[in-house]
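Two complexes come next, and they have one chain in common, chain A, joined by chain B in the first and chain C in the second.
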Partner chain A sequence: MLARSCLRSTRAFAGARNGAINFSKRAASSSSGSAAEQSPLGLNIAAVASTAVAAGSIAWYYHLYGPTAHAMTPAEEGLHPTKYPWVHQEWFKTFDHQALRRGFQVYREVCASCHSLSRVPYRSLVGTIMTVDEAKALAEENEYDTEPNEQGEIEKRPGKLSDYLPAPYKNDEAARFANNGALPPDLSLIVKARHGGCDYIFSLLTGYPDEPPAGAQVGAGLNFNPYFPGTGIAMARVLYDGLVEYEDETPASTSQMAKDVVEFLNWAAEPEMDDRKRMGMKVLVVTSVLFALSVWVKRYKWSWLKTRKLVYDPPQASNTRH
Partner chain B sequence: MAVPVRPIYDFLFRKNYSMLGVVFVSAFAFEMFYDTTMNKVWDNINRGRQWKDIRHKYAQEEE
Partner chain C sequence: MGIWDAITDLIEAATPWTTAEAEAPAAQEEQKEEQEAATETKDEAKDEQPESESAEEQPAEEEAAEEEEDEEDEEEIVDPKEKFEEECKESKQCAPAKHHFDECVDRVTNASGDSEVKEDCVEEFFHLAHCASQCAAPKLWSVLK
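And now, the complex of A and B:
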């Protein structure tokens, strides 16, 4: 009912509408020139305006989102450290514990005068860097607070294996005061805490130029190091050839000491690495065997389907009806 | 292949508890074998790098 009324209503205007459509169609198709010439100025203005709007919006969008925004200049970013082929960072390699021992010696004799290593206890040195007796003797060189005694007094006692390595300063304020306002960071997790990790610290320790390059701005009390973000670092160059005398008679060049202490700091940051990698190797071997097994089982189970042949046997021509 | 499959099956896997026991015991045995083998491989890869390889240098000095 509704449809029929709609039809009827359209039919009522059909004559007039058809005439109009036919007229316009005829004008557009038979005399194309006359339609374009109706208002060339208006059409041109419209084309120019729409093109300008399109180009302008693209330009505005690029201005907003196109170029990468750098929060820091390259100097503030610091030079990216060189990638070095650290053996202990290979998949199936442990730390070189002889190097750890040398690195700990460098830390104790050089770094420890300013930097703490407060998350490393003496007990963790046992069995990785030194023997029990050596670690005990080292711990006893320092004094630690006791529990309060009966009168509430806190006395001093020699260190035990369960104590942590002592910090060079009492607190951060004392450290800042002694170092011209700059705080030497704790080195326990420094390899994890800096972009570039081992590469960065090695580059930083060995990257001090003899004198700052021409035009470089070096603040008062600061030293120039291209690898340090901002290039002005409060720590001066500390590692020089022959600064430390290694007990295993390794030549103590600057880079040798830097390499050893970086490996030691990497151990301090992740002392579980040796065990983790050994476990990872076991897991990889077992899972690769299991994966190969599962691939074989899948192929075995699917072989009847994958090896079947479908043969199309066409019906005889005499039997077909067209 | 003259493997007597039938008696092995009857002895080890026919009863559920015996099958469970076989699974547990073989898992335990495999774990021991696998761990010792892989630890040997690991020590071979890292020969001279671990503490146990350099311990004798420092332990003997004490005694």
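And now, the complex of A and C:
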């Protein structure tokens, strides 16, 4: 068929010029057709068999290598958190410090009974979340070890601004023991330490369904949370509407508390964020000015070279021979 | 285990009408049972020590008490996230996911018991929850402070 159509196209060019060639080609094409008619059964069987082999081998190949193999089921992977439009994550925005204050209140009243925040000292709260006097009063509520006195005894003293927030348990073993074998992680860097960051923690806190979906296996002592990898989390739902009474009278719905505490935890993980963004802006402004200046200086210094004109002044052609 | 077994294994793995199992399912269930038994023994060990029991019970009681108080005090607070997500689940956008989830719930609740294959609706639930939270996210942030 292909050969025949090729011939037809050449015929269009050749036909006008040479009738003899045209005739001989037509004879050749008709002879190949007569060869196929000679043994149609054998050819048909061959065609069917080769087609079957080709289709079968493709099917077998897709059976072996076609379907993608997933190492984990979606349940083991956990539901990926939705992206929320966090204001503090925008380029020109700082933390909402009113939200940080509310979030710290949620941490202190809810989370702090199990989770430590061991890398945050009281002094870092000053100016970002509380006034100096508030932070001092908060520090003095807890007792800390002193240096050894003359007799080598270690006494207790009220906390100072330089002390760190106290942990709810003495060590990890005590924490596991009190929580049925599950260790509540330290929350100082939790936003940086989890995939999805703020979105993940917000979704985790607010994502507990009223009851697990039909047929889901929930282990003993575990709770169903779709966002937790494996869906079985030891922490039960802790945030309920109206659990906390905000001092600025924001309605304390579950999602409001979760949003505030996540923003606070983001601050705990990167307290330098506001400064970092301001510093970044300064760097961009100053370097762009300096770059523009350097471009101008370069062009100024090179101007004599770049603006010179090379002229070839050929000697005047003269017919006189020397 | 002769060479013939190896050949039949290879043929079984390559033929299209067999299913390939990453792990033997029966063995897995046994392992689970063993783990449960292990946790039970741990629990028993804990029960023997009275201090831990009281420590575990106290926070639970406190939480329960707090919840009751809150329910009495402020019943008018409605979580906007739940409200928006419920609306989104009913919306046209999430209709396919909801349809699949409902169908799965019906299938699992009706067929549980006699059938050997244990199906769960976790994946359908994921799709529905993803759709609902995706749809509710911008609305939620416009409401929250």
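In the analysis below, the second predicted complex is superposed on the first by the 214 of 322 C-alpha atoms of A that agree within 3 Å, B and C clash if a C-alpha of one lies under 4 Å from a C-alpha of the other, contacts with A are read in each partner's own complex, and residues count from 1 in each chain.
Throughout what follows, a residue touches a chain if its C-beta (ideal position, glycine included) is under 8 Å from a C-beta of that chain, and two chains touch if they have at least 3 such contacts.
On a predicted model such as this, the values are computed, not experimentally measured, just so you know.
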First (chain B), second (chain C), both or neither touched by A:L310: neither
Partner chain(s) touched by A:I154 [first = chain B, second = chain C, both, neither]: neither
Touching partner for A:L41 - first (chain B), second (chain C), both, neither: neither
Contacts of A:R278 with chain B and chain C, given as first, second, both or neither: first
Touching partner for A:G127 - first (chain B), second (chain C), both, neither: first
On chain A, the residue positions that both chain B and chain C contact, one per complex: 98
Residues on chain A engaged by chain C in the complex (per definition of touch): 59-60, 63-64, 73-75, 79-80, 82-85, 98-99, 113, 177-178, 180-181, 203, 206-207, 209, 213-217, 220-221, 226, 231, 240-243, 250-256, 259
Touching residues on chain A, where the partner in the complex is chain B: 92-98, 101, 127-131, 133-134, 248, 274, 278, 281-282, 285-286
Of all residues in chain C, those that touch chain A in their complex: 14, 16, 36, 39, 42, 52, 55-56, 59, 66-67, 70, 73-74, 77-82, 101, 104-105, 108-109, 112, 118-126, 129-130, 133-134, 137-138, 140-141, 144-145
Contact footprint of chain A on chain B as seen in their complex: 34-35, 38-39, 41-42, 45-46, 49-51, 53-55, 57-59, 62
